[in-house]
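What follows is chain A paired twice: with chain B in the first complex and chain C in the second.
After this line comes the complex of A and B, so read on.
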């Protein structure tokens, strides 16, 4: 009998608390945060989510929001599972007056949401992932993937290798290796590499690493040891990266000739390999470390995450992601009314007209952390430099190059071709951007 | 008092052979179906309909499929995800290449393709039994997914490899792709669920269903009484794969709106297997209960603190969700090893005596 009473009391208390919770529902600019702090991809998901959420907290605490409109962030944990990601999106999209913008940090979920978010008029900011051809804003009005796409990144990596070897002509006759996650994400740059290989006369071997067994790479590295490629390029995610870096160190491959893409070059990927990882390079578009002005403002602030990942590559990337959203909201308010909540549709307009130059970024205290971006209706990838190359020195990631531009003349026709195919399959009439 | 059979006489063979012989049962099922068709689209919110009911209904089809194979025919399979993937990829291929074909033909056709693949992978079941067969079907899981990712023909050479579901209409209403109306999508899936559940229920009590059960209970004895194991086992594989294929096609076309390999990985196979085990092996109702339990419980556990205004860190909730989910599965398996469907049956038997138990 006692248990029954206890249960009843508990339920009553819960309902009472629920009533209070509902009464306290606040107004503000709502940010749904789709995160994965659990599951196999949590090592990448936690710092990204922390950076994303912390930046909104910082803006709320330091500036009181944007022109007095505070951000309300609600997290939904989906464990990198596509169906749960879609469920999270549906659960959150109408809360607090409607979502501002959504950044799922998963290729699968982004693909599943492209049409849905377009129908709901909520912009997707898939920052450097997701559907590459969404860079064609005529077909994908609600999807943005600035500051650069995978294809731009692929061409920029080849450009970097050419710079190292002494010009694009030097690529002729070279043999490279491409290690990738056997998944749509990992295969995404292959068409670009094929075109570049033909154009510049190099060859490359493809080494897929299965999604389910990312840590079993012995055979891949045995072949690499035999073929002795001049450079290795990697498109990996999760545990696969750390394994590859370790294996490369084991076969004593020259680490300065091993280049990961921007999802394969964070602290989590190199630390397990210890000193063997020194010299490993990676692409990035955001700075690492805490030596930026913004981190001074975060010093001693309460309510921030305390996982000790502040300043890591992925944490900073999460912050940059949030900073783009905040600036888009600011721009939308300038057009549609300062100090008012803006809708997803208005933020979409703002994303499309976002133009952040070095001065703006200086004003935000994000110089060196966040790249300049200019988005247009035609180009949702942004007309900006593509990547920086960073190198692991055993303690921290160090940026060793200036911005390396993408070969837009190669990438853009591919993007337009794929977008046109998408438009045809889905009976979309592309808008005109003039 | 209310629920009893006393005084209900069947006066014809057809009445005696009806699917639901007790009027109260019959009216309950009809009312439930009517409510699902009319009431839900009128009353339910978009979230409830598209994010909750739609995936549960689709997974129920997959669970029905696996229940035919594992529950009725006794062949353990871990290839459910792969057969779903076969349905999804082939539905996409057929829909985009034969554009004039109506989508309600495309999806069963994709199911038939999955059935053919199922037969091929079912052949070893004649020689291999039990856990070894499970491992053999695991080969299907890995091989088929590898094939669909490897060969770009299946996705029309799409560069990204994750093509969006093509928009198709039924009676002028768009039912696939993201732009489809919630009600249209829901009713489209519901039509498949009702038809397939009805077929499954009747299959199970027909000659073929009885021969499956005979094979399940003791294959040598079944063979001795004249049941041929080859057609029996293969028909179970074919029909099971057909159901899984239809479920996979609907999942890609109506729920996640893109054809994506990770949606059908080994975890999906396990998820459907758990649905069948928790719901009840060899029970149509169990497939539905299991699908609802396995799919909805995590979402419920995940959002419940929010309803009561408690803000808990999202990762903590998820960890609690994992723990409670595991505990509840163990709890149900201890309380009722025959699944949720058996609990329902016990409840009905108690209702027959109520309020005068002896």
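After this line comes the complex of A and C, so read on.
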């Protein structure tokens, strides 16, 4: 009898504890973190995931969350594989009362999630990746790609090259090389380069690098040695980048004429090549290093990831991504109720009305780490897309330019054209942004 | 018409007009082929001795290199790290024999093959848990410089690391050939490969032989891992690259060490020539991912045992 009572009491206690656990969990703001800490793309995936997760931890520990609402972060490993990324999304989207926002860190997965997330009313923040034409908020209300898209980045890189060569007119007759991961991500800027090539009179050779390994590049570099391009632009990810930088150094290519996009210019991409990587350049939209106020708050804090990659380009980018989500939650709370958990739909509204000026960013301790950002219903890319160019000096990345604005006069019509086509193909009636 | 020109005329015109580029492509291909051969050697060793197609051999390459470079990163001297890694690979061979092969003795080859797939998944996860997922450069003094050779018809680029890999591969093949022909253990291995039951009947201990051959395959994997790692850094893509050994084996034959070498050279040179002269102009490149598998498939139609493999004769 006593045993039966003890068992009953135990079961009741367990159920009660479980119920409290659920209740507490549902009070939190749930962040599904789609990460890839394993496989060929882990070198980029690990620091990005660490920065992303650590920032939420910092907000929970330092500020007690946003107005008392703490973040609950749950990771799902998907190895940068689109099908597994979608599976992770499905597995996590309804947990802890529903996802706040999702950042897949993969253009392929972002493409695959656009329809699903829109139906689920969960905003996607594909920060500097994903479908470029999602910048048209009339057609893609749940997808955001601020602070700049791939197409904007492509135009800004060409603008930088033009600046170096003495103006846009100097591009005429030049031959460039474009090395890219043979994947939706790598192919994304090609339509823009085609238009720029026609507009400014340059040519460029396309060199896809097989996705399976990212390291089969021997032929690419033999071709480059043969064609002697004036500049090389790279859209790489994972181990592809380090291999390319090493191969470029091996053929004695002038590294100052080799420019990676913002996913091809982190410490992991240059360190394996040693001194050969000195001079390599890359685009970026966030600062590197730990010389920012926010890192002082992280000193000595327990529960953060190993500090080995803190301050690296990708770690800091993960933090910036999380900071956008946190600020969107804060804005959503201001509209829908302070101290209350907000829904994905409400966070979507907040993303669309996000306006972070220099003063706001200073208040967050992120000056120099993240760009000012203003998003609108019409423009999910943000109103001032631009890039910085950084250069590897053998020890650290140095920012060597001021903000280089994108050629929005070229990019925006392309975005609207592609979005309109998507709307037509998918029977979507674009909403009105007034 | 233009397509026909690009297929049948233009590549050969380019080869004649720019012989230096053709030589570079061939050298690049042959040196890549040597690296594939290094991996394929491990497959052949195990298949010859036990009839098992060890799907985990690619992961062996990665696992061995990870341990080697991981130990070095902990401050262990490279030579000591090399010795310890050989010890780890031997221990792994012992564990594989005891936990996987022995319980499955007399099972169909497909069951053993499936078991090696399991080993591959386990080792991939275990290696990543132990040493993390970052790219780790291998700095053991392997020369990694571009050598420019002024031939009469143009300047030719050769990577010193590639030449070094060729020397290592030649050394390994010679050593293994001597080992198989002139040592008692080598002869026992060949006897087991020829006929398990006959080998047992003359007193060759089958289990010990299996441990030895898996350990030798582990050693070859370490050599391949270090060479690949010196070129590309030790990274998880190595296990995928190592699968390129499959078409190499189909070409060369699963039971022939010279076949593994020649198959590797054919695949390496073939895929680079195809990519540069046909792949880029006609198919927008990135053909190296699949070219070798297509060649292997065509080979399977006409010579399923490979160039040097033993012809399979089944009598009714």
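The criterion applied here is as follows: the second predicted complex is superposed on the first by the 405 of 434 C-alpha atoms of A that agree within 3 Å, B and C clash if a C-alpha of one lies under 4 Å from a C-alpha of the other, contacts with A are read in each partner's own complex, and residues count from 1 in each chain.
Definition applied: a contact is a pair of C-beta atoms (placed from the backbone, for glycine too) under 8 Å apart; a residue touches a chain by one contact, two chains touch by 3 or more.
Quantities reported herein were computed from a predicted structural model and do not represent experimental measurements.
> If we overlay the two complexes on their shared chain A, which of chain B and chain C does A:242 touch? Say first, second, both or neither.
Once the two structures are laid over each other on A, A:242 reaches chain C alone.
> Applying the touch criterion given at the start, work out whether A:91 contacts chain B, chain C, both or neither, answering first, second, both or neither.
The first partner, chain B, only.
> First (chain B), second (chain C), both or neither: which does A:77 touch?
After superposition on chain A, A:77 lies in contact with chain B alone.
> Looking at chain A, does chain C or chain B touch more of its residues?
B
> Check the residue A:115 against both partner chains and state whether it touches chain B (first), chain C (second), both, or neither.
Only chain B is touched by A:115; chain C is not.
> So, does A:360 touch the first partner chain B, the second partner chain C, both, or neither?
Touch status of A:360: no partner.
> Looking at A:183, would you say it contacts chain B, chain C, both, or neither? Reply first, second, both or neither.
In the superposed model, A:183 contacts chain B only, not chain C.
> Have a look at where A:164 lands relative to chain B and chain C in the superposition and call it first, second, both or neither.
Neither partner.
> A:416 contacts which: chain B (first), chain C (second), both, neither?
Neither partner.
> Now for A:131: first (chain B), second (chain C), both, or neither, which partner does it touch?
After superposing on A, A:131 lies in contact with chain B but is clear of chain C.
> Touching chain B and also chain C: which chain A residues?
In chain A, residues 37-38, 46, 182, 210-212 are touched by chain B and also by chain C.
> How about chain C: which of its residues touch chain A in the complex?
For chain C paired with chain A, touching residues are 18, 21, 24-25, 28-29, 32, 125, 128, 132-135, 137, 144-146, 157, 159, 232-233, 235-237, 240-241, 272, 275-276, 279-280, 284-286, 288-289.
> So in the complex, which bits of chain A are touching chain C?
It comes out as residues 37-40, 42-43, 45-46, 182, 206-216, 218-220, 222-223, 225-226, 238-239, 242-243, 246, 250-252, 268, 271-272, 274.
> Considering the complex alone, what residue numbers of chain B touch chain A?
46-47, 50-52, 55, 96, 142, 146, 149, 158-164, 166-167, 177-179, 255-258, 260-263, 265-266, 298-299, 302-303, 307-310, 313-315, 317-319, 322
> Using the touch rule from the top, collect the residues of chain A that touch chain B in their complex.
14-15, 17-22, 24, 35, 37-38, 46, 75-77, 79, 82-84, 86-87, 90-91, 94, 107-108, 111-112, 114-116, 118-119, 131-133, 182-184, 187-188, 191, 210-212, 414, 418, 421-422, 425-427
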